[in-house]
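Just dropping this structure here.
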């Protein structure tokens, strides 16, 4: 019997190597796998490349991971936040690398990785600083730049429901980066508010099919703002 | 770079539009049926000025189509935020999708209109709205470049000048660009300006403002419509 | 009030120009918009490029459209079928152009069009006849070919449920090419088994959001095998 | 092109596997938890030989994950067909998706195993299974090239020879390729062959068949495992 449900945070995070690229889902606090980020802090892997939309808030979660010197580089679209103190300090001190990627390009680079597409062209960022050093090309009279896939060694995902095959649903705008990071991660680890029986999720309405999921941990944590 | 500081006119016999008035002015021009993404800041206010019976479908790049007004404090859905991370609501007929699908709507030209804030708009349609220097510490681009390059139309909603009176309507942007030649129209607190192949065209002005006064506050050359 | 629901097949098909590229969804008979194909036959547009997974069966639907000499070129993955007599006759007589595209590449070329991506790289077909004339390129030591987006002037789609905003659901494997053709079509026309009220489809479970849909015709036609 | 016709052995003291036996043989090697796409034809039969309590998740490229057995005649779901357009069922835990998502599973390397039929397999792993000549009238490729290039592992399940005795296990494919160097293992009615960097390795043979007899029926050179 296939059973992707694990019983502890240690089991969920086991085996993450130093030097890994870790995809961290969520848009602000919504859809962010807080328990797994805490688990990663606990687990100890270092020299990480973190891929996330934001670069952490306050001194918790991703910000804490950075503060501990565990993140070598961050790839994100929006390093600013209401309280980006940790990131800004490290960045000014030259202790963290930053790759700024337009949000849609960031999403598509991971979607491409999940879909086996090593590179694609987009009009986003043409003629801007963020296109510098990238191959430019014209199709049908319009300019584009080439963007490459971002693969994750690990993806950390937050779901609303999960079953033992790893089928997932997401709640409202909590979906955001979760399904595409799940696709792009070699090892996709999920924290889910609810564990349901196989078949409880309508086959037409599975948001992430289990093929993209390796481990599921039950974390009924309330709501994002209450964490 | 040209000195874009403009001297205030002697006889200021007009009142610049408030932010609310600017949003209301832009809202007038959005017809029923358009799919619209409103950027963070003043553009977000536009939705308050589209009557509910004129169905305009709001898109938020974090995966919402058919977004409704801000959530009342006693009915917050914790998993339902807009791109500015405010708690919002969903209209009947609205739906959710993931980030790649959401930006496919943008990049694929399915969004009829995007309205962004701006630092500078140039007469060739260039927009600068994400960084004020090439050496900015950790500039944050978010979805602005995707929206500016991908939407069918880009409008910019911003003050006409900075606080010290420097024109944001310029011949050429001095700040790093968000997108090249993308802007179609600018709504400021002083005027509505179309961008034509030959530069800025004044559609309307704040009540009481003369063309000469407007031009005096504007780096780029203007001409009247028609 | 937005209302994408049209009242007649003539209204649904209005304005399709000669020379159009028409995307026709379905996988075999399942998810195939039969009433709209009939409508296109009736409507009269000529010199069409048809994009579909198959090249028609018997003398009906797409096969009929070809038999009437209305299709200049077909882009598909599998021109064979249980009864491909019309296509094969035209093809041998040199009266129709054929572009064979691997099925996944066909799907992704339309998905790319819908997502604003003019070209992408894939390992599919590398080293085969179907890669001839295509740009080849290596990424991380592996070979790929470049494939270009396929845009439709028109997309014909079959849905299970639709509302007046054009939100759609599909039934079981009837989904297949429908959502991606809906994305890739400039004018997307849908026939739907059921028309539902706005809000009846769960917001988390809309399969094709209305932004990709222009017109919806109610066609309660039973099941694909019974057509 | 080499003459690949092989003479039948004089003393045929063995029985080639039936199609059912071939499918059963391949099924033995599929462990629980794999995501598997079974090509049209003999490969489809493999699913009958995976016991239901060994959970193997079948993928069909028309957007089904967790496909079950063929539908009984009295319980056909008209919208539920497999890639061979047969009416099938869905297992509990199964799901549907669109064609681009379905091929993302394939192209992205998420499918652990694909089993295809073949016309020829070469000792370098090349597979030819879609056209028998460069001048084929309208060859039909379907999803074969995507599956062969994209799945984590490609196995081929086919007769060892054509009806006239020509070996389909070859030094180099003479037919147009489906994929280059992709095949890992071949199950035929005569043997199970692994493809190693130095060519075909015999894993097992039909009962009673000798290595010499097998080699006599095979264009490509073989060696025994171990």
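By written order: A, B, C and D. Residues from 1 in each chain.
Everything that follows uses one rule, which is that contacts are C-beta pairs under 8 Å (C-beta built on N, C-alpha and C of every residue); 3 or more make two chains touch, one makes a residue touch a chain.
Keep in mind that what you see is a predicted model, and the values were worked out from it rather than measured.
*Asks:* Please work out which of B-C and C-D is bridged by more C-beta pairs in contact, and write that pair.
*Replies:* C-D
*Asks:* For chain A versus chain D, what separation do you get between their C-alpha means, in angstrom?
*Replies:* Chain centres of chain A and chain D, defined by C-alpha means, are spaced 36 Å apart.
*Asks:* Suppose each chain is reduced to the average of its Cα coordinates; what separation in Å results between chain C and chain D?
*Replies:* 29
*Asks:* Whole-Å distance, chain B centre to chain D centre, using C-alpha means?
*Replies:* So the centre of chain B lies 57 Å away from the centre of chain D.
*Asks:* Multi-chain contacts only, two chains or more: what residues does chain B have there?
*Replies:* As it turns out, chain B has residues touching two or more other chains at 90, 96-97, 100, 103-104, 106-107, 150.
*Asks:* Listing for chain A: what residues touch at least two other chains?
*Replies:* Expected reply: 108, 115-117, 122-123, 170-172, 175, 203-204, 207.
*Asks:* Using the touch rule from the top of the page, what pairs of chains touch, sorted by label?
*Replies:* Touching chain pairs, listed by label, come out as A-B, A-C, A-D, B-C, C-D.
*Asks:* Residue numbers of chain A touching chain D in their complex, please.
*Replies:* 1-2, 113-117, 163-165, 167, 183, 198-199, 201, 203-204, 206, 209-212
*Asks:* Going by the contact rule set out above, which residues of chain D touch chain A in the complex?
*Replies:* 32-33, 35, 53, 55, 57, 59, 65-66, 90, 92-97, 100, 103-111, 150
*Asks:* Which part of chain C faces chain A closely enough to touch in the complex?
*Replies:* 108, 112, 115-123, 139-140, 142, 144, 148, 169-172, 175, 202-205, 207
*Asks:* Can you list the residues on chain B that touch chain A in the complex?
*Replies:* So the residues of chain B touching chain A come out as 60-64, 77-82, 85, 90, 96-100, 102-104, 106-107, 131, 134, 137-146, 149-150, 176-180.
*Asks:* Which residues of chain C touch chain D in their complex?
*Replies:* So the residues of chain C touching chain D come out as 27-31, 55, 77-80, 87-88, 91-92, 98, 100-105, 107-108, 110-111, 122-130, 160, 170-180, 207, 223-226.
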